[in-house]
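For reference, chains read A, B, C, D, E and F in written order, and residue numbers begin at 1 within each chain.
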Amino acid sequence: MEGFAALYIFMLAAFTGYEVISRVPVILHTPLMSGSNFVHGVVLVGAMVVLGHADPEDPVQLVIGFVAVFLGAANAAGGYVVTERMLAMFKGGNKKQGSA
Amino acid sequence: MANWFINASYFVVAVVFIIGLKAMSSPVTARKGIVWAGYAMVAATVVTFFTPGLGNVGLMVLAIVAGGSVAWWSGKTVKMTDMPQMVAIYNGMGGGAAAAIAALEFARGEVHGPVVATLAVAGALIGSIAFSGSCIAYAKLQGIMKNAFRLPQQNLVNIVMAALTALLGLVIIISDVPSSAMIILFFVFALALGVILTCPIGGADMPVVISLLNAFTGLAVGLEGYVLANPALIVAGTVVGAAGTLLTQLMAKAMNRPITNVIFTPISGAAAGEGEAIEGTMKEFSALDAASVMRYASKVVIVPGYGMAVAGAQHKVWEMAQLLEEGGVEVAFAIHPVAGRMPGHMNVLLAEAGVPYDKIFDLEEINAEFPQVDVALVIGANDVVNPVARTDKTSPIYGMPILNVDMAHNVIVVKRGKGAGYSGIENALFYKDNCRMLYGSAQEAIGEVITHVKALES
Amino acid sequence: MPLIIGVLAETAEGERRFSVVPDVVKKYQGLGATVVLQKGAGVPAHFADDAFAEVTFADTAAEICAQADVVFCVQPPPAEIIDTMKSGSVLLGMLQPWASAERARQLAERQITSFALELLPRISRAQSMDALSSQGAVAGYECALIAADHSPKFFPMLTYAAGTIRPAKVLVIGCGVAGLQAIATARRIGAMVEAYDVRPDTREQVESLGAKFVDTGVSAAGAGGYARELTDEEKAKQAERLGKAVAQADALITTAAVPGKRAPRIITADMIARMKPGAVVVDMAAETGGNVEGTVAGEKVWINDVLIIGPVNIPSRMPVHASEMYAKNLFNFISPFIKDGALALDWEDEVMAGACLTHAGEVRHAGVKQVLDL
Amino acid sequence: MPLIIGVLAETAEGERRFSVVPDVVKKYQGLGATVVLQKGAGVPAHFADDAFAEVTFADTAAEICAQADVVFCVQPPPAEIIDTMKSGSVLLGMLQPWASAERARQLAERQITSFALELLPRISRAQSMDALSSQGAVAGYECALIAADHSPKFFPMLTYAAGTIRPAKVLVIGCGVAGLQAIATARRIGAMVEAYDVRPDTREQVESLGAKFVDTGVSAAGAGGYARELTDEEKAKQAERLGKAVAQADALITTAAVPGKRAPRIITADMIARMKPGAVVVDMAAETGGNVEGTVAGEKVWINDVLIIGPVNIPSRMPVHASEMYAKNLFNFISPFIKDGALALDWEDEVMAGACLTHAGEVRHAGVKQVLDL
Amino acid sequence: MANWFINASYFVVAVVFIIGLKAMSSPVTARKGIVWAGYAMVAATVVTFFTPGLGNVGLMVLAIVAGGSVAWWSGKTVKMTDMPQMVAIYNGMGGGAAAAIAALEFARGEVHGPVVATLAVAGALIGSIAFSGSCIAYAKLQGIMKNAFRLPQQNLVNIVMAALTALLGLVIIISDVPSSAMIILFFVFALALGVILTCPIGGADMPVVISLLNAFTGLAVGLEGYVLANPALIVAGTVVGAAGTLLTQLMAKAMNRPITNVIFTPISGAAAGEGEAIEGTMKEFSALDAASVMRYASKVVIVPGYGMAVAGAQHKVWEMAQLLEEGGVEVAFAIHPVAGRMPGHMNVLLAEAGVPYDKIFDLEEINAEFPQVDVALVIGANDVVNPVARTDKTSPIYGMPILNVDMAHNVIVVKRGKGAGYSGIENALFYKDNCRMLYGSAQEAIGEVITHVKALES
Amino acid sequence: MEGFAALYIFMLAAFTGYEVISRVPVILHTPLMSGSNFVHGVVLVGAMVVLGHADPEDPVQLVIGFVAVFLGAANAAGGYVVTERMLAMFKGGNKKQGSA
């Protein structure tokens, strides 16, 4: 089932992603987009791995690897900060102030 | 052992990412969600340093610190209103990183076999498009690039470019050891494709496009995850790819723009920057949008009219108002002197619904407040909120004082269709930029809004 | 011979109610009783004679009393009519037991078994016989209408082409059955209603009708759902806090009562003097002395620019339904004891026994005996 | 010298309204005008003289007319008072333009510029000046209260300990401003309301108030929001279908009118005869001849067991708010022409011009001229 | 190629199963869901015949036809009321099949390595428990086994048995070639464990137990899927395992029985068959339950009382009634003569809320109908629905006519807590078998019900 | 990642299962239980595979295999029929009969 394992993971992950955010209110569209943007910042990990295995003698490889890690880190860090700021708006403030 | 530990950590990270995303889809838990995901990200990064045989650690740390701090700082300092372009650019960077990973794997000659090559090429293509497309989106939103820019025969050009790029990709996949030139050409084409796809899209559609590119990046990351056999990338990337796709659909639906329209027949919203749009169009709004906008407003003023009476919607309206108040929104009712068809028509209905008198204001009491009002909700009223009464001397309602709802930040009008009011004239309000139409008989429309307001609570 | 139920025409001035309605007459007939009505007696309540099926009509009250085993009335019949009643017969109605020692003595002497609905124990089971409640509901509703009709102002809020009229403020004092009904009715018409009662548990009841309770810090919960009388000090405190509420009211409806006693005087001339010009006062307690200083029973008086209305016999303003309710109360009281067309009183029954004024030659009700010194 | 506004005391019998209220007087003063009131003129409307700040008081109407540039009234002043008015001065009020050719002639002869609010064009902008609407709203509300108060039945449904009272059925005929208000008020009190009007667009309006529309299949939409007169055939059809609804009603409120004409006779004696005993009829059109056969203006008459009430000058039953509304109507009408304390009429203004009865020695209003044959 | 085709088919089957399950979680699409899943099952079965090297085909067909037709026929003919035990027994068969697979793999000596062995043993254990447990559940529900049967020291016995079985399993895992005796012993213990775990559980808890055993079977199937490296089994089994676990929790919550209570301190509901339970307990109900029960009822009668007035819940109540009516439920209001605290108290409130008069009935009109009513919803009423008024001569309310809500199929009582009514006495209604308490102030409680009724529509 | 692939599939499938049926109304508890009961009837496939590879000479194996297939088939068939019958109750019948 080798190749199929990947396919199953893909299918199930897609299902999970889809289900997990169904019924999201409009007001959260942008923060959620930003949040998922942050999550794929995990590409940083991949970038680190490839840079880590790049030939230290080959400047082309090092440059590409550096760029990859730089971009990945920026994605992760920027995504987090921006999302966090957006979601700070929901900080309870507007919640039930007293039930009718 | 190290490997096992790293894989286990990645597994936990993937689980936390999913849980975090789930939390982010409800206003109540959203903040917790991002924080959890943040911890997971840090853990993943730290753990990766323990990968056996990892070299270039100094360079790596440098890149992380440089990229991370630039992004962190810009994200912290940017104005709230500039957020969308920041999301775009960070997303682009993620796509770029995915593409760079593919590039490096090719450079290292580490891509073996047609399946892996296909995945790598696909990831590189999608990542590149996300990268260059996001850059364009950023430039537009930031005002660096002013005009939507349309090639003649845009759609044809798109198709040709896409075909060429795909062809190049195919060549790379089948050639055992693809030449550097070939690879570079492929990336150039892929990046160009992102540019020409995004260029013609107008400012109004940008959020949808960014969301789409976000899904792209997710997918690219997932694909590169397969290339690197890294499950954290696979799962996180795929989940984001799927979630992002759904989100893109939801956003397009909320804006009433089918996703294909966004890409293939863009509205040149950027043009609005120049010639003042005097006419405008009537823009539709869904009940969910109305609910969200009101739920997170601080002040909502409800303007009932004859339509509310016809629909007998007063009970629903009051129920909605109460729900909003429970959520901390300030709600007031504004009654125009001649709303309805008899003196006190609205009073009778609101009293019937149980609206307390201290929430009901007349024109003189409330008209000055509209500029501070977040949302004016007009329910089945028409003539009494028609700004032509202030401006157009020829109009039959000229000189009648009106409720200045057009001065509120947002106006939502609930009515069944294009029906005119008692005086039979067109209403200029409906065409204003800050006005949205929620079509439907008031009873049902408000009922739907209630459902969504409630859903926002839970 | 079947049980004969006689129904008297009311003789009191302004009394328009009647003790039976056609539907209820049918039920008596269903139980095997014969019903004798005084001719034209139902007319003031809009029940023409021909609305009653299969009943006997008698020309005079005496004619009825001569044959009836059970006699129904709304208000107590005059002494000369009581005199014509059969010894051992039953008299049932709102006999105003506290009002006249003479009448009680006469009934006892003539060996009449009389039941006064005012004496009914207020237990759950007896609610369907409780004429004070049913007539109180009518009165409360009517008082609110009288107030609205006489007010020179709109009760509801009204936004019209040239401005907005703020809703009237109505203050209701005494939140028994009638007071609550007045609150509900005034609220329905659109007024902002405040209310006050000495019994603290009325607060929740008032609020359950959407009105506001005026808190004076005085409590006077008595036994059996009735209120006790207040001390002078309490009265002063009450008066002060109430004064403010009264001064703000566009209409004031008072319904306070203490059973068997004169109505408490709650609203002083001084409070009235501080009311707004055009304010209206409806004093439902006018008949028993009035809650308001200056009330004249049965009249409308202006004090400064305040109109004080002291309506009497308010349920008679709505005779159709007041009669229907009253008739059903009587039926629910007496029907359990009509078996196979004969009357079989059960002195074990606490409701029946409790409502008994006189029986077998003596005044039975301890409270009445004490108050009237019998 | 600033503009002098004179306000007359009302002389018509039973008229309790007044053409200004304290708040509105302040507004005139804000515009630079001086206000002269007849002493005690506000008292019937519960506005004592001292409620008005900084106004001059005059003892007689003549004294006012001698100095006033603009004279306000509710009902048209008697001829002898008009005679004392300055030539060229303005008279504003509900002048009953259709009622008297004599008065129109007198006003024209004396070179008085008179505006009758009854003639106001019914366009959107003029709604805030529309006294017919504002007074109609008062009348409609009052009629519903009168009906409820006089009905021998509860209007609302009421479940009580011994049974349930079904809600009363109220039928409202004529769904103009007053009719709609009556519907709303009767519904509030709790009645089941049916309504009827010849204009078909009233159906939706009636239903928007939660009442039911009686469909007779006759339509009489006229120009300008008013109704046209019906043909005989139409009347017969209407009568037949209406008859049924009338027979079922516990209370009937009629408000039908055709401007400048006698009120249409809609309810025949025959229909009344088929009503239930104890039914109540309130005929708001009593003053202009009545919608109901047998109505006597200003009286209550019993026909069989049906009470027919023909109230007159209904808004005067609620003088505080009726006056406030009326005063604001007048203010909205005249204030646009008061600039820097002087009156500057603008004959281009369609509302002002349309409401003009006489000016510069002639009767200006074409419709009135035609009807009164001037 | 055949292998590839089979795997691809299994993949599709897995996807369809998931979609089908999703569809089954909404009343609107539930039916489609099972049909889709049905097709997928047929496809999976047919495809499996093409597995390379498949022998014993005749026997296989025979087994399929025999098992399938017996089950089909019994499922078709069984009475609707006997459904639960059928679900139980079919589920048990699934568990048995999973256990049998493991047994056969052991018999064939095909279980290699500690990981696979662990999975196989775990699957066998869980499957066996599901099998024998389901058989017991079936026997109880079918009335074959009458009494809940409790060993002395039940919990201790459970633990000892479980430990022994686990030990046996462990031995099998570590021994390279386990002896048949060992395997047989293991299965015997596992089956016995299922029996003794299920025996003491009372009839009332059965649905929860069946659901739990269902999740067990899912898990067992998933585990055996790993043993057989069959992804269709893995995915379908795991999904059902997870879904079943959630469902078990939901059901336990709906019945207000923590899942641990169900298993460890069972209520012996079966005993109710003998001695008439006169006392009873007050049983809580959630708003969701109330919503579902009413939404799928055909007739609901609402009985308002003083509590509705105190809560001011009339508008909400009417809104709920309207929602139910939109869903096709017949709704009526029953007013007791002395409900509330004044004559006509309820009338005033219902009129205020806009309830039309023709939906309001008094005691005499409606009392005879209660035996035909699916749900009587009592809102803040107490004395007026207290059956002791009919039966207990010593009660202060004896002789007062009451609304016979206790004769309805289901009674739901909304009140804040254990508060008594005006007369201050206990209410026997609340302890009746057909009565459920929905605690909360009427306003909020009904509000929640509304939310759920709406959710049921979408 | 070999073993982990299985773990990921397990995790994702569990997530999917959980998400897919969250927010299920009480009224569907039993049908859904029955439906998921049917779904794990796919054990039939596994049973077929093992029986298919059982030693045709070994009666013990054949018997166990036969039992496995029999039980699996019964699970699948019975689960389907029962679920279908339960869900037939929801056949539109009770849906909006007319909007208010």
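Just a few scattered comments:
Operating definition for what follows: a residue touches a chain if its C-beta (ideal position, glycine included) is under 8 Å from a C-beta of that chain, and two chains touch if they have at least 3 such contacts.
Nothing here was measured: the structure is a model prediction, and the numbers come from that model.
The minimum number of touch steps separating chain D from chain F is 2.
For the pair chain E and chain F, chains touching both partners: A, B.
A repeat of the E-F interface exists among A-E, B-F or A-B; more than half of the contact pairs are identical by residue number at A-B. Interface residue usage between chain C and chain D, two copies of one sequence, is largely shared: over half of the residue numbers at the contact are used by both copies. Interface comparison, A-B versus B-D: the higher number of contacting C-beta pairs is recorded for A-B.
With respect to chain C, maximal separation of chain centres occurs for A (centres as means of Cα atoms).
Distance between chain centres (mean CA atoms), chain B to chain C: 68 Å. Taking each chain's centre as the average of its CA atoms, chain A and chain D sit 72 Å apart. One finds 39 Å separating the Cα centroids of chain C and chain D. Counting partner chains per residue, chain F has residues 5-6, 8-9, 12-13, 15-16, 19-20, 99-100 touching two or more of them. Touching two or more other chains at once are residues 127-128, 133-134, 137, 156, 158, 160-163, 188, 190, 210 of chain D.
Multi-chain contact residues of chain B, defined as those touching 2 or more other chains: 10, 18, 22, 230-231, 234-235, 312, 337-338, 343-344, 348, 351-352, 354. Applying the touch definition to every pair of chains gives A-B, A-E, A-F, B-C, B-D, B-E, B-F, C-D, C-E, D-E, E-F.
Residues 3, 6, 9-10, 13-18, 20-56, 58, 60-62, 64-91, 93-100 of chain A are the ones touching chain B in the complex. The touching residues of chain A, counted against chain E in their complex, run 1, 4-5, 7-8, 11-12, 15, 19, 99-100. Residues 306, 309-310, 312, 337-338, 340-345, 348, 351-352, 383, 389, 396-401, 422-423 of chain E touch chain C in their complex. Listed in rising order, the residues of chain E touching chain A in the complex are 7, 10-11, 14-15, 18, 22, 229-231, 234-235, 443-444.
Across the interface of their complex, chain B is touched by residues 312, 315-316, 318-319, 352-354, 451, 454, 458 of chain E.
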